[in-house]
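Here chain A shows up in two complexes: once beside chain B, once beside chain C.
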Partner chain A sequence: MFFNNLLSGKEIRFRDASGNEITRKGNNLGGAFLNSIAVAVPSTIIPILIAAFAAYGFAWLNFPGRKLLFTLVVALLVVPLQIALVPILRDYTQLNLNGTYLAMWLAHTGFGLPLAVYLLFNYIGSLPRDILESAFIDGASHFTIFTRLILPLSIPALASFAIFQFLWVWNDYLVALVFLGDQNRVVTSALAAMVGEKGQDWHLLTSGAFVSMILPLTVFFALQRYFVRGLMAGSVKG
Partner chain B sequence: MQNQPRLSAGDQILNWLTTGVGRLLASIFVPLVTFLVLWRGFIFLRDSNAPQFIIVVVAIVWGVGGVALLYGVSNWLVEKLSGEWVRRLQPFIFIGPAIAILFWYLFLPTIRTLILSFQDGLGRNFVGIENYIFAFTDRVMLEAFRNNLLWMVLGTGFSVGLGLLIAVLADRTPFEKVYKAIIFMPMAISFVGAGVIWKFVYAYRGEGVGIQEIGLLNAIVIGLGGKAQPWLLLPPINNLFLIVIMVWLQTGYAMVILSSAIKGIPSELLEAARVDGANEFQVFFQIMVPTIQSTLLTVTTTIVIFSLKLFDIVRVMTGGNYGTNVIANEFYLQQFTYNHSGRASAIAIVLLIAVIPVMIYNLRQFRKRRAF
Partner chain C sequence: MASVTYDHVWKKFGDFVALNDLNIHIEDKEFLVLVGPSGCGKTTALRCLAGLEEVTDGQVKIGDRVVNDVPPKDRDIAMVFQSYALYPHMTVFDNMAFGLKLRKVPKQEIQRRVEEAAAILGIEHLLKRKPRELSGGQRQRVAVGRAIVREPKVFLFDEPLSNLDAKLRVQTRAEISKLHQRLQTTFIYVTHDQVEAMTMATRIAVMNKGILQQLDTPQNLYDKPANLFVAGFIGSPSMNFFPAHLRKDGNDLFVDTGDFAVKIPEDRVKTYAPFAGREVIFGIRPEDIHNPQFAPPGIHAASVECKVDVTELMGNEIFLYMVSGKHNFVARVDPRTRFHIGDKVQLVFNMDNFHLFDPASDRENPVAIR
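Then we have the complex of A and B:
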């Protein structure tokens, strides 16, 4: 019940070492946990989808500016995301997007996209060309080839990036701090707030930290192999 | 479908939809419905008072489904055109969204931040290079630069060094997988979570009657007969205590990458050296290290960039006080505490300039590979 109230944001009562009764307000970690899921799942899938389309376009389609645009992707790989925070925050304020899930999805998509496109391009570009050509001769459109053939074939690469991006988004603090603020708090922000408010209540802090770690640790241990593969391919991220 | 002799009612409707006026109407109708559905979803998510669990599920379905739907519908529209136009426009269905987002979220912001960095705190008037003078001469910034240098040199040095050492040693034990998983595990933890763990290690409760220290480090020090210290309040040594956290987090990354590079060294090469009488140190420094040089370089660069942008650890542990400020934290303070977007932008540009050599290196490597 004690743990439950910490999660739900209700009041917590406990006795300290010298026997005084102490009351604290919970930090609604349960809500933050749900928020983190609502932020992290689409922030993982959306960039993968967009990047896979783009990688296919760069690898198999011909269009003017192809090389220039891909060079841009490579150049943006290491750009520190601090550079984007101030202008994007202004856009969000004008569009009234601050504090919404959508704002977080788009931001994480933007910051994760260069690496995603780069990784998936390397993978999709190395798939044998004959598969594609025979499907094309059979009359399949690019869209069909992509959704029916390329996406299923790319699952190892997609999984690698997915784990990478999921852990990154789940553990992110800066982007959440800037674009979410106190609205729809995610676990990292809730935990950081606890550090500020309950700095001496170690039993609360440590359980909070544990709640924030359960999911990424599970994902990590279950899918470690893919994660390592993603790291190898990724090298440098901004 | 069009050449089938007998058509059911459903097929007739479909047939009508694919010809002439129907086709035109459908081309307008479908995107309109798509737009309306997505808009309704947005309004629901913004205004709804439903239980949070339901909102979260709706949000995920709406976000992921929405993106898929947009691709499907726009492709459907383009494929209605003649073959020539499909060939011309389809590539932009594929790469268009990615390029648009990259422009909005990274490319344009770089230019906008550059402009902002020459303006005053509110972004109204141009002030020349005043913000850069602040960024390079202010006492606070100089301290941040010094600390970042410490992070870069010590943090990266220890992460890569320890990572390499563990990779080599783990290679020789029967429990390699277990050791590596333990060293690697912190990578799955957020910096904020790591902050809590290490705050506990460095905890200090002050002096007084009946106060018991609960921090791990102080327990060790007291156990050895020393006196409890407020570790995080002691400049400049507190920087080192923070850097330990980064090493704890990043060693696993270095280890995993370097370990796979070491496993890639042909064993004949190592055997030959040993047969020729080289001892293990010589094998390590003269065979292994030169062979995995390029991997070492990549890992080092990645961690250097990481340490340059380091923010969360300092923010959670000390907030940049007690002489532990770093560049990324000062960026945050300038923008969100002092509301000075000019100075914040100048700091961001300094960070960008610092990574430009890596950017150029990446581009060169890319051109060498001739992927196009």
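Then we have the complex of A and C:
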């Protein structure tokens, strides 16, 4: 009951050392956790899906301007996301997106895509050509090859990027501060708010930060088993 | 089952010409081997047929159908890759069934065909395993099985044996030949190994630098090479070549290399008479050079004096690396021969089997005189 109320932001009562009963309002860290999950999970999955398609295209399809486009995407890696904050915020204000999850998903997708495309391109581009050609002769279309061969074979790369992206979104404070503000507060904002105006509650911040590690750790250990070595073993000579 | 035709096929990669006006007609049920050194265009020729490369010019036909613009999956071919190209995350069964599933073949039919192919190849007990749990030879069988279940008109093999060890290669070679007889389908097989080519093919196409050098049966290729390249490529150790002068002496013709002269047998004088007095290249295979002690009877023998440089005992034969004046050559002689390094000895050339090439016909690749 006590912890429930503490985490959900309801009132809690307890006695201090001198026997006075103290009433306080909880910090609603539980709600912040849920908000963070609602932001982080789609913000991880959406860019991975888009990037995997893009990486396959850049690696294995021939279309005019392929090199130029890919160079452009990679070049975006050097652009700091801070310079995009104000213009995007203005657009969001016009579209009435400020403070919504969708705004966060879009922003994180955009900021995460260049690295995702680049990483997955390197992996997907190094898959043996023979396998794809064999599938072509077997009668597979590009889409079949992507879903039946490329995705299952790229799991290590997808998993490692998923961990990167999830950690980054989970720990992000700046983007959440700008696009969410005080609505749907995520863990990082909630923690920052705990310190109090006069910086008197650092003990809350540190313990809250410690608790906030739980989920990233869970994600890491859940995905790390996909880093199996030799997933490609046995397909081609060796 | 179908014939295959390359009709004036060109393939260029930028400035590099990979296939130079290739013309081959492959009969139905034939086992054609494309052979040549690496980079000669043999794999490119196969990939053009498979639809993995587009031809720059000319036509590729399967049966009567021009397939230049037909995507690989609609060409009714199956290909076995050098690397096997198995799908690593699928079981052997799924690997073999993949193509059939994509073609929406009914499940029972898939089951039947896969089991049948597995039985032919002796891999029934492996169907539930993943490729990584298989040995090289087993993977190779799975790759062949994947081709068999498709029941294609034409089988394409791209150096399928080059990743196997020597013993397994010999065994698999025989199995592929058997498979060809059993399936009665057109096989097209690419290799750089002339032994594979000689042992399996009904006909061999020898290629070099994108140009078809000769297309003939293994026996004819060995006995009557069309030019210097084919002569040197087929046979191991390869044919010995001597730049020589064709000298006329009365009614006789002699091949004079400057260090030794050998007489051309009378029945072949007529063929070479027009070239009397000209420069030629004289070619003779190591197996046609004998120790006079063990030379087969009844041959037109020509004696040559030379010095032993190196001897290599192979068990059933001895390779002698000989020096005669400024010429080096290899002889493949009877194992009872007891020659030592530095010995000055007489060897006999079997003049029933020699070849003359005309350097004036083509500087790079002289054509055989017939």
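The rule is simple: the second predicted complex is superposed on the first by the 193 of 238 C-alpha atoms of A that agree within 3 Å, B and C clash if a C-alpha of one lies under 4 Å from a C-alpha of the other, contacts with A are read in each partner's own complex, and residues count from 1 in each chain.
The rule we apply is simple: a residue touches a chain if its C-beta (ideal position, glycine included) is under 8 Å from a C-beta of that chain, and two chains touch if they have at least 3 such contacts.
Everything quoted here is computed from the prediction, not taken from an experiment.
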Review point. Where does A:I131 make contact in the superposed view: on chain B (first), on chain C (second), on both, or on neither?
Key: second
**Study point:** Which superposed partner A:P114 touches (first chain B, second chain C, both, neither)
**Key:** first
Revision key, fill the gap. Counting residues of chain A touched by each of chain B and chain C, the higher count belongs to B
Check your understanding: Taking the superposition as given, does A:L153 touch the first partner, chain B, the second, chain C, both, or neither?
Key -> second
Point to revise | Contacts of A:F143 with chain B and chain C, given as first, second, both or neither | key: first
Check your understanding: Looking at the overlay, what does A:Q183 touch: chain B (first), chain C (second), both, or neither?
Key -> neither
Exercise for review: Identify the partner contact of A:F63: answer first if only chain B is touched, second if only chain C is, both if each is, neither if none is.
Suggested key: first
Point to revise | First (chain B), second (chain C), both or neither touched by A:L217 | key: first
Revision key, fill the gap. Chain A residues where the chain B and chain C footprints coincide 231-232, 235-237
Review point. Tell me, which parts of chain A touch chain C in their complex?
Key: 128, 130-131, 133-140, 144, 148-149, 152-153, 230-237
Study note, to complete from the structure: Contacts from chain B onto chain A in the complex sit at residues 42, 45-46, 52-53, 55-56, 59-60, 63-64, 67-68, 71, 75, 79, 86, 88, 90-95, 97-99, 101-102, 104-110, 112-113, 116, 181, 184-185, 187-193, 195-197, 199-200, 203, 205, 210, 212, 214, 253, 256-257, 260, 298, 301-302, 305, 308-309, 311-312, 315-316, 328, 331-332, 335-336, 341, 344-345, 347-349, 351-352, 355, 358-359, 362-363, 366, 371-372
Practice item. Enumerate the contact residues on chain C facing chain A in the complex. Key: 50-52, 71-73, 77-79, 81-89, 98-99, 102-103, 130-134, 136, 139, 146, 150, 163
Review point. Can you name the residues of chain A that touch chain B in the complex?
Key: 17-18, 31, 34-35, 37-38, 41-42, 45-46, 49-51, 53-54, 56-58, 61-63, 66-67, 69-88, 91, 100-102, 105-107, 109-111, 113-114, 117, 121, 125, 141-143, 146, 167, 170-174, 177-178, 187-188, 191-192, 195, 199-200, 202, 205-206, 208-209, 212-213, 216-217, 219-221, 224, 228, 231-232, 235-238
